[in-house]
Structures are given as structure tokens and as C-alpha cells.
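Letters are used for the chains, namely A, B, C, D, E, F, G and H, taken in the order the chains are written, and counting of residues starts over at 1 for each.
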């Protein structure tokens, strides 16, 4: 079985690439899914493809509508959802994806620095694992998919 | 991942072929599903295969029963549903498919000319994207499946 | 048991009131649900409550968003969905509601004049009953809820 | 029908009380649900009831576990979910609840000041209505439940 | 809690009335649901209400469509489904209802004479209880709802 | 797409083989599923594998339990369910499978001779197509899977 | 709202009565559900009502079939499931009910003495709260239903 | 079709290997899934990967959280769930998995020695087959997947 793992959250560091490389080195049977991680593209896709909007609200609505065409089916198809909360921005989107994944019954792995421990307590409590270190996610996926420590 | 995209609605223009060609040129990982698009076949399939009916109502019921054997599982298997409203006919069937897709939680892309904007407002409001131009659907599917503008 | 019956579709005639009166005369155990049937209110509710929009598309999106807050939970709570297709307008919304109801497994009763028989064949084929006469819907609901002809 | 409306998000202002009073004045058929809004109780409930924990992480896990016994069934039972994002704190919990509600197919009403418009774009795009003003939520609920502007 | 018990199957004996009387004597907290048990009405309801059909197939289709408006929601709302197979007729309808109830996860109680034991083995194997005696169903419902022998 | 078609019902004629051959000649993209069609094996599998039972009721229960391990997942995985009612035996099992398939939302094709038309009316009314001729099922599957008459 | 709380597990102490009394003193809006707690009745109900069986296996199967008619719908209707593991017997049934409740998305409260902590770790990890003291369950239900410490 | 069979329960004997070898000899179309069967790894995975915990309760919670990332999706993906109850330990986890599988509608095969017959009666009653002998499970899977005795 190939495990499908969705990587939600932070898009301003290379954590997805780092994790994917670690997983490749370990030769794990995993296919990764992710949202669009090009911040500018993800902001402007709606206006760029479907036409400009004078109002920033509708500009954003158009783009977010497109992004959800990608993210919603990918989250639904995933076996595991990893959500990383980074240092920058409000990242409500990461929490929103965690909520969707939780309601869909997906096992959740949450990654965040200790600083956010209290603020993320409800989300952490819905998670199967919480860590502040992406390299531990690779170890964890190794254990989960191969069944070995 | 191969994305499954159902193309509902108008069957009197070549929009499906145009879209499929555009998607092939872009080499997108998409498998298209569609209803039977041969209008006469879709009207007469029931009577032709299962036997004639004197009443037009039951003639149509027989054919529609057969068409739904195809359309219902295909819509359920799809990741994305595109619905095009054309100029001809009432096209209630297109709206019916949009309603089914929406209730099943499928992301919806609606295509129609501006003329129908007000009449289609409830359906547009349930959609992730609305456009009057099939070529934009190809661009949109490129963005959704490849994650690049 | 009180049966919950949603009355979708046409809002430009008094068919809901007529049906409700007939049902009251028959003293049937039915609670009716309906969308907002004041056409102007249903068109302008979004802009009126949440603020005006210069673009007709977003004006309509705002209103349709509000209308769906009402219609979607009511359709989901219903035991039976009646959809009437009238003479005026395109009525794609009626077909959309029929599609949602069908995907949710609700028994459908479709009302339309004979003129629309062929155009509505796919929707009729998904229905438990089709008639051109609202008074027959009352008879039908009498049979369904009381179990007597 | 009594509509069930869950009020998620901000717990440091009186918006729930304000909304409930407005709704009572309008005599709307609404029963409100809410999480525990006493911040200290919501933080310490786990340790207080089930026993102290030396680690802040497990202190929070215990409390969050209890809070979810309340919030999850209430969100599932709701017909409509209102989520207010306030000025204080990260409020990831509000976004998490919005994600759960969205995955469960609940109509969403999002309340936030204009300042957060871009940061909340994905959540706003999943909503039926977005406003910066709680009094508009009362107007909106009046329209949705009574069907009148 | 009032238990909802659907009584499917045989309509040519008084077993429903007998069971209901026994349950009333025991003062059990049960609300019974049933299909239309007037055989002639159940056969002719479609033609009688919606108009005659020359073909017996469509005559029956019309009637069966109406009957399902009643039976499908009632089975879905039930906590327990009792299905009685009698001596007369093929009673495929009883087996069909049992299949629906089973797929919906309803506890099944099957009543039939010993003569049908082998023919009904797959249905019996899907049941929680099998008996040849309606009076035992009353005893069983007493145990299930009151928790006492 | 490979369509999955479950063939329920009659096990005393060669209709499955005939249909499969016809479908192979037409080169249709179909994978067929079926229950165990060896009548003796299907009756005795439980006792044969798990140990004999003195009582015929428990002998049959053991066997039926095993058969359902096969049939239930196969019906759930199917895109289309064909149910054939033959001349011999009561065939309640066929009707039970039809009920399960219907509750699971599977398109149903029912095959039976005209003689059973009235007795099967509720099941026929839940079907997308009804015929008395297995060769028509092949034509029908050709239309459904290839989209051509 | 009246909260529905299912009390699974141990039937050889008075913990349900103790909890119910505590909850009544606190005047909490709770309706309790429970399996049959008369051990002898729960063992013998099948044979007593439906007829004796010579084999202990089928004797037990008959009784367990009846018990599940009660327990399965009650667990499905519950908002919260409390499972108590006592000192006596293997209590696999308690763990089975916990597994069902967890798969159905019910918040779980697990009660057991510290001695079983390691043996119950997978079940505890699926729970919202774990305690060794039934009086804490009353406090917890007070917090959950009234929202106050 | 490749059947997916989850092997839950006992991890202190070689029953999974024995069964897999028997199934390979029979050349059955089966892919087996299993939890992590290295007892020490399964106990310590959480602390080992995510960091040590002073409290045994949280040590176990961390490990159990990780194990569930593997077991829950595998059970959901399975067509059949086999649960073996062995002689050692309390094995509540096996019963918990059986409860989850049952609520998810998976056919259950239960393996246990006769000694546990009464203690496991509720779980056995939810099963399609019960045996005390793993070699019979191979025979049974042969029958189920190949359709031959």
C-alpha cells in the first residue's frame, strides 16, 4: 500500500521538500499531496485566470475558490494529514485544514514550535502526534508505514 | 494522482473535445468523464434497447433511467465537476447534475455566458469558479492539477 | 409522526398556499418548508443586509449565499421534496434543488405542465411521482401520510 | 422549526450576548449553542476536574479534551455555524471549528474586521456570508429564519 | 426515549394489529411505522391519484413510486425493523425492505414459519433475532425497550 | 475506467456466463463480481469449513455468514448491480441484495420474466432498467460504458 | 438541549445509579442510556424469549443478538459515551462498545482503575477524558453541559 | 480484485505469518494489513520518536497516538477484518478494533479458543464467522475470495 500524506500549512520554508527528501532516503511507500505553495500564485490565481476584480475581497474570493478545488479533494483522499504552523502570518488556513481533516476522521500530525503550545491546544488535542521538528515527522512516517522503529 | 473531471451540461457544441485537446496539449494528469453526448442516442436508448413505448413520458423515462446508470456513478467518482450551460434548450439536466455534485461535496466549475448570470446565481454561488470561457477552464485545471500559474 | 415536506421551485404563483390550504383541510400531519418566496427579497437580501456591490455578479453571489443558509438545511431535514416547474423564467434553481434532494436520497415529487415533459425527463426519472396538477400533490400526500386512498 | 445556531470563536467580548439579545428582540425561532466562554475555566477544566499535570502540554491536552466533548456534538447538531474572529490572540481554534463545520456541510457565517480580510480569505471563501458587524448577523438570521427582509 | 419500530412484510393477516395491542398492554415506549397495508390501495394508488395507465407495468410503477415515498423515510427513521414473511405471495418486497434496512444498519427481527427456514437463510443471518411467532416479538420488544425479562 | 458490475440472483442457469461472453465479444471495460454460484457449496460452506451443526437453522446461519463476507463488500464496491429473478425457488436472497444495493445508491438493473411483473413491482420501481432478456443487459451495458447505441 | 449519555461497560457495581444520582443532584440536562444491566437476563434473554439452544455458543448468540437490538441504536443516538472497565471479568464487550463509539465519532469518557492503565492505552488514547473515579464523571458532565467549573 | 484483509489482535504468536503462508500456498488474491506487531516498538514508539515522558500514562498516550495513525486507515481500507484473541494479556485493543470494524460495516472473522466463548459472546454475535483455528481462516478466505470449497 502507498500511503497518501497531505502536507498542510506553512508555505514560506522548505519543510515539505526537506520532509520529502528524508522520506525518499528512507524509501517509504508514501505519495505526498500539498496545496499550491507559491504564495503569489495562490493569492492571484483567481484574478489571473478568471479576470481581475477591483475589490480585494472578491479578488481573494476568486483565488480561494480555485485553491479549494485542489485542496479539498486532496485532503479527502489522504490517509494522514500533517499540518505545520510556522512563525509568519496568522495561518488560519492551516487551522481550517486541520479542522476539515479532523471532521473527516483523518489522523492528524501537528508541527509547531513550543511557543505556540497553548494557542494550539485544541488542535493538538485532536491530533495523533505533535512535534516541533519536521525530521521527527519522517521518523514517525517510517514507523507508521513500515511498522518498525 | 490522476484527477477525475466530469463534464456535465451542454451537448450541442464541441466544448468537451476542445477542452480535452487543450488539456492534452498541456499534458495534465486528468481523466475526463462525461454523459452520453449523442443527443438522439441519449433520447432513444431506452426504447431502442428495452423496447418501444407508446407514451412519450415512459419512452423518456426508460431512456433517462439508462442514462443515469452512467452519469450517477461517474459524478460520484469525480474529483471535480464542470457544468456548461449553453444557449439552446432549457438544460434543466445540467442544473440537476450541478445540484447532485454540490450535495456530494464535489468542487464545481460553472461555465455560462454572461446573459445567464442572474438566472444561474444560486448555482454560481455554490461553485468554486464561474467563467464564460472554456479555454479558461483548461487554464484553471492546469493550475489546480499542477499547482502552477 | 409529522412529515416534513420541502416545497422547491416556482415562486410566482400561489401554489404553496394552495397546497398548504388543501393539506390543512385534509388535516394531514405535515410541516411545510420553503425557500424565501418574495422574489425581490431573495434577489436583494445580500446587498440589503451585508452591503451593496457594484457588480451584478457579486450582488447575486451575496444574495444567493444567504438564501442557501436557509434552503440547504431545510432540504436536508425534509422527508419529501416537491419541486414545481412553472412557466416563467429558466428555473435552473428548481432543477438544482431537485439534484441536491436526489443525491441526499429524498423522495421527489415533480410538478410541471406537459409542455416540459421531454425537457425534464432526467429529473422526472429520478422522481417518485410526476404530475401537472398541484391538487394531486395534496391527494398524494394524503395517501403517503395517512396510508389511505 | 427551531434553528440551531452555533456561535464559535472569540470569547473576550460580549458578542454572543449582544447577538442573543438582538435575536430575542426580533423573537426569532433560534436556539444558540456555544463553547464554554469562561477563558480560565476553559483553560483549566481538565486539571481542575481530572487532576493537575506538571507539563503545560498535558495540562492543556486534558482541558482541550473536555472542551471537545462539548463543542463537537454541538457543532454537529447545528443548522448554522457563526464564527467570529476577534482582535486578541491567534484564534486558531476559531479557524479549526470553521474547518470542522465546513467539512460537515454546515452553512458558515464569518465575522471579522476588515483588517483580517486577506488572512481569512480561504475561510471566507468557504462561507455563505461574511461581515464585520455582529448586528448584521442578527438581520441575516432574521432573513434566514423568517424569510423576510 | 420512544423507540421507532417499522413493521415490514405480510399485509394479509392482522399481525401488526396483534403486535400493537400486545405492546399497548405492556405499555412499551414504542411508536410503530408501517407501509400502507390496504392491498388494493397499495396496488392502485398511482393510477388512482395520478391517472390511469394502459400498461400494467407502468400502472405498477406509478403505484410503487408512491408507496416508496412512504416506506423509504419511515425505514430510515426507524430504530428497529421487523419483517414478517407470510404464507401467501412471493413477498419479494419484504426481502427488499430487509435488504434496505440491513444496509442502513438497522437491527432486524425476522418472523417466518419454519417452512421457510432454508429459503430465508441469508436474511436470517443478517438478523438480530428470528422467530416464527409474533407474540415473541412483543416479548422481545419488551426486553429491548424496558431492559427486563 | 473499468466498470464494476455485480451479478446478483439466480444461480441455476448460465446467465452470468452468457452475459460475460457477450460482454467479452463487445470488448466492454467491465469487471464482473458475483456471489458463489455453486449451490451446494454456498449451502454447506459454513459447516464444511467451520464444523457441522446438528440444527439446520444454525447450519444455514454458518453458511450464510460466510457468503456475506463475499457478497457485502462486492456489492459495496460495484458501480452497477444486476439482479436476475429466475423461475425456481423463492429467491428472497435476490430481493434482499436488491434492497441493499438500492439503499447504497447503486443503479439497479432487474431481469425477470413477465410473469413476475406484478410481484416485483416495488423492486422494479427502484430500478433504472427492467428487462426479461439477459442479452438486452449486454446491449445496455454497452450503451452505459461506451456511450453508444 | 438535553444531552444523551450512554453508560457502557461494567454491570456488577452501582456506578450507573451513583452517577445518575449525582447528576440529578446537580440538575444537569442529561438523559442516560444503558445496556441491560441484569447479568442473568442479559445472558439468557435469547433462550428465554426465542427458545432454548443445546449449544452454549448458540445460546449466547441468541442472547447477544437481542442485546445488540438495544445497544446499537442507543450508542448511535448518544452525544457522549462513558465506558467503565471494572475489576471482574474480561469485559471485552466494554472495549467493543468503545470501538464502535469511536468509529461513530462519539466523544469517549473512559473510567478505569490505575491498574489497567497500560492495558487500556489504545482505548484511552481515543478518549476525550480518562479517570479512575466516577464522581469525576459527574463533575465533568456538569462542566460539559452547563459550561461552568 | 485483490481483497484487503486486516489482521487485528494477538501479537505474541506467529498466527499472522502462519496465515499469510497458508494463503500464499493457496495463491489467494489477498493483501494483508496489520498493526505493528513488535510489542516493544508498539509500546515505546511515541517516547522514542517524539521524546520521553515521565508519566506512564502520557508515555502510553504518545505511543498509542502513533499506532492509531497506522491502524485506523488500514481498518477503514479493509474489505474483511480478522480479530484473534490469544491467551495472554487483557487484549482490550483487539475488542476495540472489532468494535470499530463492526461500526464501519466490515465483515468480521473472530478467532479464539473455546475457553473465551462466553466472554466474547457479544463480539462473536457481530461476526460473520467464529473459529478457534487459524488454519480454518485460510480455508474460509479461500472460499470467500475464490468462491470454491
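Here is the rule we go by: a residue touches a chain if its C-beta (ideal position, glycine included) is under 8 Å from a C-beta of that chain, and two chains touch if they have at least 3 such contacts.
Because the structure is a prediction, the values reported are computed rather than measured.
Enquirer: At the interface of chain B with chain C, does the proportion of residue numbers present on both copies reach over half, so same, or stay under half, so different?
Expert: Looking at both copies, the contact residues mostly coincide.
Enquirer: Would you mind telling me which chain pair, A-H or G-H, is linked by more contacting C-beta pairs?
Expert: Of the two interfaces, A-H and G-H, more C-beta pairs touch across G-H.
Enquirer: Need the CA-centroid distance for the pair chain C / chain H, whole Å please.
Expert: Here chain C and chain H have centroids separated by 49 Å.
Enquirer: Where the centres are mean C-alpha positions, what is the separation of chain A from chain B, in Å?
Expert: About 31 Å separates the centre of chain A from that of chain B.
Enquirer: Can you check how far apart chain F and chain G are, centre to centre, with Cα atoms defining each centre and the answer in Å?
Expert: Averaging C-alpha atoms per chain gives centres 40 Å apart.
Enquirer: Which positions in chain E touch two or more other chains at once?
Expert: 65, 68, 105, 130
Enquirer: Chain C touches which residues of chain D in the complex?
Expert: Chain D residues touching chain C: 1, 3, 79-80, 105, 107, 109, 127-131, 136, 139-140, 143-145, 147-149.
Enquirer: Going by the contact rule set out above, which residues of chain C touch chain D in the complex?
Expert: 31, 33-38, 41, 44-46, 48-50, 62, 65-66, 68-70, 72-74, 76-77
Enquirer: Which part of chain B faces chain C closely enough to touch in the complex?
Expert: 56-57, 60-61, 63-65, 67-68, 85, 89-104, 116-126, 130
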